[in-house]
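What follows is subunit A paired twice: with subunit B in the first complex and subunit C in the second.
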Partner chain A sequence: MSKREVFDSRLGAALLLLPTIVVSFLFLYYPAALAVRTSFFDSTFGRSDEFIGIENYVSLATDPGYRFSLAITVLFGLLVVAGVMVFSLYVTFLIHEVDYGESVYLISAIWPYALPPAVAALVFTFIIHPTLGVLTGPIESLGFAVDWFNTGWQAFVVITVAAIWKQIGYNVIFMVAAMNNIPEALTETAELDGVSGLRRLISIYIPIMSPTLFFLVIINTIYAFFSTFAFVDLMTGGGPSSSTNILIFDLYQEGFSFFNFGMASTKSVLLFIIVGILMYIQFQLTEEYSHYGA
Partner chain B sequence: MPASDSPLGNADMSDDTRRSVLRGAATLLGAGSMTALAGCAGGGDGSGGDSQFSPIAEELTVWHAMGGENGETLNQIASDFEDETGTAVNMEFQDSYENVLTNTLAAFDSGNVSDMLQVDSLFAQQVLDTGQIRSVEEILPDDFDADAFLDNVADFFTIDGELSSMPFNNSNAIMYINRDAFEEAGLDPDDPPTTIEGVRAASEALVNQDVTEFGITWPNHVWFVEHFYSFEGETMLNNENGHSGTPTEFRTPDAVYDLYEWWKGMSDDELYTNPGIEAWGEATSLFVEERVGMLMTSTGSAGGLIADTEGVFDVDASPHPSISDTRVGPVIGGASFYVPDGLPEERYEDIGQLLAFMADPAVQVDWHKQTGYYPITESSIEELESENWFEENPMYATALEQLQAAETDNPATSRILVGPARAVQTTVQNKSVEIINSDDIASGIEAMKQQAEEELDSYYN
Partner chain C sequence: MAGILQYPKRWIRTTRRRTDAFFSTAGIERIGVHVQLVVLVSLVLFPIVVAAVVSTKGVGIVTSVSDLLPGSYAAENYREALVDYNFGRFMLNSLVMSVVIVVGKLAVSVLAAMAIVYYRVPYKDLVFLFILFTLMLPVPVRFVPLFQLINDLGWGNTLLAITVPYIASATTVFILRQHFLSIPSSIVENAKIDGIGPVKFMLYVLIPMSKGVLVGVSIIMFVFAWNQYLWPLIIIDSQANQVAQVGLALLEGDVQSGELAWALVMAGSMLTLLPPLLLMIVFRKPLLNTFSIQQK
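Up next is the complex of A and B:
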């Protein structure tokens, strides 16, 4: 970024930044530091905190339940990010290619994004509820028994699909914008050379859109790890058999249902580290593969 | 989200700028969601001791979990109390018992507490363990007769010989049946099943003759498992479900194996459908929509079920089924009002007046009629009987008879009183689903026992 001197005095700049700094400090950095501290304590309501060193970390490291949560969270994250990206790209491409009614398709694709996550979760529950759901009948008529209240892998699939469905709209908005920015001349040249539609998407559009796609991968990863909480909380409660007990839900339950603040803080610190590492890897990878213009 | 502010066409943005904006946005979002959560979880300071609390408002404040109609009824009680005594009361709805609990515990830490708290009996021990509760027996006016409560109700809420909280809305689980469906399937609606074996036979009749899709459903809630234990005369936890000492053991007598054997069989043969964990609404919907012929749920649902099925089918109430022919009685549960210790002394007299007012027979009679929660004092039952209320409303009579028939001196009829109640509850509910879907019931029950005991151990030790 080019260096611009907007402010004459550093003091003026500092003054204007102060509100943001104060708010960030009070509501982000300070609580985060407290969480790190609490993670070394046995802490709950109504009793005084007891320092226990790394005991929380040790017990999590040896807890098969937590390892299972970690594994399904990673799998869930991968599926959601991949699913959202692939599906959104394809939808965007179709919207880009269609001759009539582009805005109608665009609005329909974006619609689920306009729902708050909790509402989306309830809507989705009633779409695919094992006994009351509107889609359940048609699916079962294909000879498949919908039973995700009892069957772990089905619940996992339902949550994954719901999470993908919710996030497509957001991705389509950005992808449509990026795709519309691709010079028409490129498309025409490709068409003259007889490049098929899908090839054009893969070999021309995607590389050009890569900065946007990279951004979306990051946002979708954060989404999968954090914002999918409502789906789990409202649809499965982490079950059955912990099959949808992703880390963010596990952490919430530990803290706000069982009031084990020490352990919940430990879990949140670990989640922070895990997602931090993932972000670092993604930045490294995309640094290599993203094209930022000529 | 800051990122969504970008317009659809952002051609004029240089690639360089976009890159840094994107990276900035991503980092911010990441850090934001992460630390916000971490911060929330870090809130528990856990300062115990005899802190002096300040009240929420000049008026008496009551935190409760009664939504809809029941909440309206509670507001009415408050305004009647104000008319009578001149003391204003704010009834503040907190959405759920879980929220009352969370807010209460958080309030104890912050110092601003409400004057009365409606706590579900499941969470009683957790509130008592804070050491910030003053027993209502000390607060109630001297002329109040604590013996007025039904024995089994008073027994549950008496801790160390004192009435620790004021029982108010109490219910137990009963089984509702669709009379029309029973007749269609050739079953006698006047003789509904009383054991799990009978429920299976009735379910088979209903399903095999295509009257309903499933036989029975109930919300997957620990309360029903507790009822099965209680009817069998078995406590779920040792030391009398925690009433006579610290519970350390999750008991799994043979009857519990019978229960899960039956439950799994019902599920496998599609005679039972699982509405979901704590899915009270879904379970009721299945019954109202005639997808099931039987429903186990709260006696407090009677009024709603009558209204929802009017003109569609005849609903009736029958006692909660039991595992064997042993029928000790339902668990006594429901919620009660707790009062924090350490509020300004002058408030306790008004609080005592309000508590006494809420236990007044006239108030209890109205409360029962409008909500279906059973009356908890002998005198209110006498009054209802003198009005022939139970003869005219036989569904309410079923609930009360089930309660009165209970062997109150049997410790099994007292609900589990345990610190990590929410954790034990979640374990039982999650493991129940696991057990009925596994091929090995015994190891599933063993796993449930083990996990529940670990939770007891980590809370108490």
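Up next is the complex of A and C:
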């Protein structure tokens, strides 16, 4: 038993834990449990709920629209996680290598941590606006028509890039901390052995940093699945023709545009299961590959 | 300890710098690192610089890079956004919401983390897991029933609706727990020998020894609260009670119906970015330290 456990009043401990437990139960567990229950009902405004068993689940399983949403969400998640981590890792490496000006570069790279997704969405909408955007002219001068208000894949690319941009700061914060923990002696040895910059990053730093990198994969996945609503809502509204209708936006529309509470709850439960599976896979991978840091 | 570790590092770096001639390959490599960094960091800064510049212009049209000179409408645009388009009100609502969430979360989480670290009671690991598992239950997996629950409580459209559901925090409890575990147990044992009760222990030992972390988690919680978008959008339907994030969407709506210039939307965006950004820059040290605790 830990030497820190100096108090043993059960009543005292219960009182200290009570506020967190009550709020967690009432506003987190209870609504989540209700969502599971509602997912078996046909439920909307103005009439009583009707129990329909797994009908909602069956109709989603066979709904091509929902499958499409699922597919683009997974693609979106993969691109966001990969994009943000590759970019952030390289910037972190350069900041680690640079001889002076470190703190200026660092602040310039981590500030998007404070960036609200809604602001990121609007700023991006503006700079790449098909008629007004400052980037639109230069891109079109390369012979490429910017038309993401009407072209599905372009809209998808634009929200992906905006979502990556917002998440860079958070990643660089953790990567810099992890890279600074690598003993300088290791870098010195590698340099003496003639291991050059990029190879040092790939074959020495990345393996050592792998616990942090796995942590970030999980955090970034949660971000891509749950915290990117504002991008879709403000930039594309899920369109054009559903090409940016990621699960979180689809779910919101089901509940609060169409008021199909039963179906929306089914989608909530499925989203929870999907993210649960992803996190389980990632934890398994973490167990397998990240022994270097210990 | 840190000094000992850092000294040779700095020493090695200066000697390295001295021995490299300016035009040697190592010198060129060093310049290359700067060039790459400037390019990449500029990419990260570019969108927000454009937004800042446009927010000072008379019309929000920037079709070429030469349009990227600051305009002279800054005062006017920001005044218009704050006063005529109610952004002052939205900002105030966001501020109240964020401060209430930070204070509430901090109070509740300090208590919980203290129980988890300093009390010898059964099932506390289970309770800790119960708290941690809420990470898997973000707003989207429960928002339909939560919406109904909040309305049943009569909280729709109120400050309670956008604060109380956020008060329980797995992240904050986790960070505080990690920090409490790093406080030397000898200090705790001394406190026990002196016969200090839990209230005094918290006020005179725990909190004074956790100042940096408390500041750090407060910034993390503030940024999180300030940036909330989906939940206020659903649960607040009167403009007077709306928060800045959703206020931005209202501003943008006005733009698309042609009543307003993008310059105003960018002014609103800059206003919405400023509070979390300033806090982050001012308190970057405790913030970065706190992040390094979270990772352990």
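Following the convention adopted for this analysis, the second predicted complex is superposed on the first by the 282 of 294 C-alpha atoms of A that agree within 3 Å, B and C clash if a C-alpha of one lies under 4 Å from a C-alpha of the other, contacts with A are read in each partner's own complex, and residues count from 1 in each chain.
The definition used in the following text is that contacts are C-beta pairs under 8 Å (C-beta built on N, C-alpha and C of every residue); 3 or more make two chains touch, one makes a residue touch a chain.
In this text, all values refer to a predicted model and were calculated from it rather than measured experimentally.
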item	value
Touched partner set for A:F261, first subunit B, second subunit C, both or neither	both
Broader residue contact with subunit A after superposition on the shared chain, subunit B or subunit C	C
Which superposed partner A:F214 touches (first subunit B, second subunit C, both, neither)	first
A:V269 touches, of subunit B and subunit C: first, second, both or neither?	both
Which superposed partner A:I168 touches (first subunit B, second subunit C, both, neither)	second
Which superposed partner A:L34 touches (first subunit B, second subunit C, both, neither)	both
Partner chain in contact with A:G197 - subunit B first, subunit C second, else both or neither	second
First, second, both or neither for A:Y57, with subunit B first and subunit C second	neither
Which of subunit B and subunit C A:T44 touches, first, second, both or neither	first
First (subunit B), second (subunit C), both or neither touched by A:A177	both
Set intersection of subunit A contacts, subunit C complex versus subunit B complex	1, 27-32, 34-35, 38, 129, 132, 173-174, 177, 212, 215, 222, 226-227, 248, 251-252, 255-256, 261, 264-265, 268-269, 271-272, 275-276, 279
Sites on subunit B touched by subunit A in the complex	3-4, 6-11, 14-20, 22-23, 25-26, 29-48, 98, 102, 105-106, 108-109, 126, 129-132, 213-214, 267, 273-278, 282, 285-286, 289, 291, 420, 422-423, 426, 429-430, 433-434, 436-437
Contact footprint of subunit A on subunit C as seen in their complex	8-9, 12-13, 17, 29-30, 33-34, 36-37, 40-41, 44-48, 50-51, 54, 60-65, 67-68, 107-109, 111-112, 114-121, 124, 127, 130-131, 134, 136-149, 164-165, 167-169, 173, 180-181, 183, 185, 188-189, 191-192, 198, 201, 223, 226-227, 229-230, 233-234, 245-246, 248-249, 252, 262, 265-266, 269, 272-273, 276-277, 279-281, 284, 288, 291-292, 295
List of subunit A residues in touch with subunit C within their complex	1-10, 12-17, 19-21, 23-24, 26-32, 34-35, 38, 87, 90-91, 94-95, 97-99, 101, 105, 107-109, 111-120, 122-127, 129, 132-134, 136-138, 165, 168, 173-174, 177-178, 184, 188, 197, 212, 215, 222, 226-227, 229-230, 233-234, 248, 251-252, 255-256, 261, 264-265, 268-269, 271-272, 275-276, 279
Parts of subunit A lying in touch with subunit B, wherever the complex brings them together	1, 27-32, 34-38, 43-49, 129-132, 149-151, 170, 173-174, 176-177, 180-181, 211-212, 214-215, 218-219, 222, 226-227, 236-242, 248, 251-253, 255-259, 261, 264-265, 268-269, 271-272, 275-276, 279, 283, 292-293
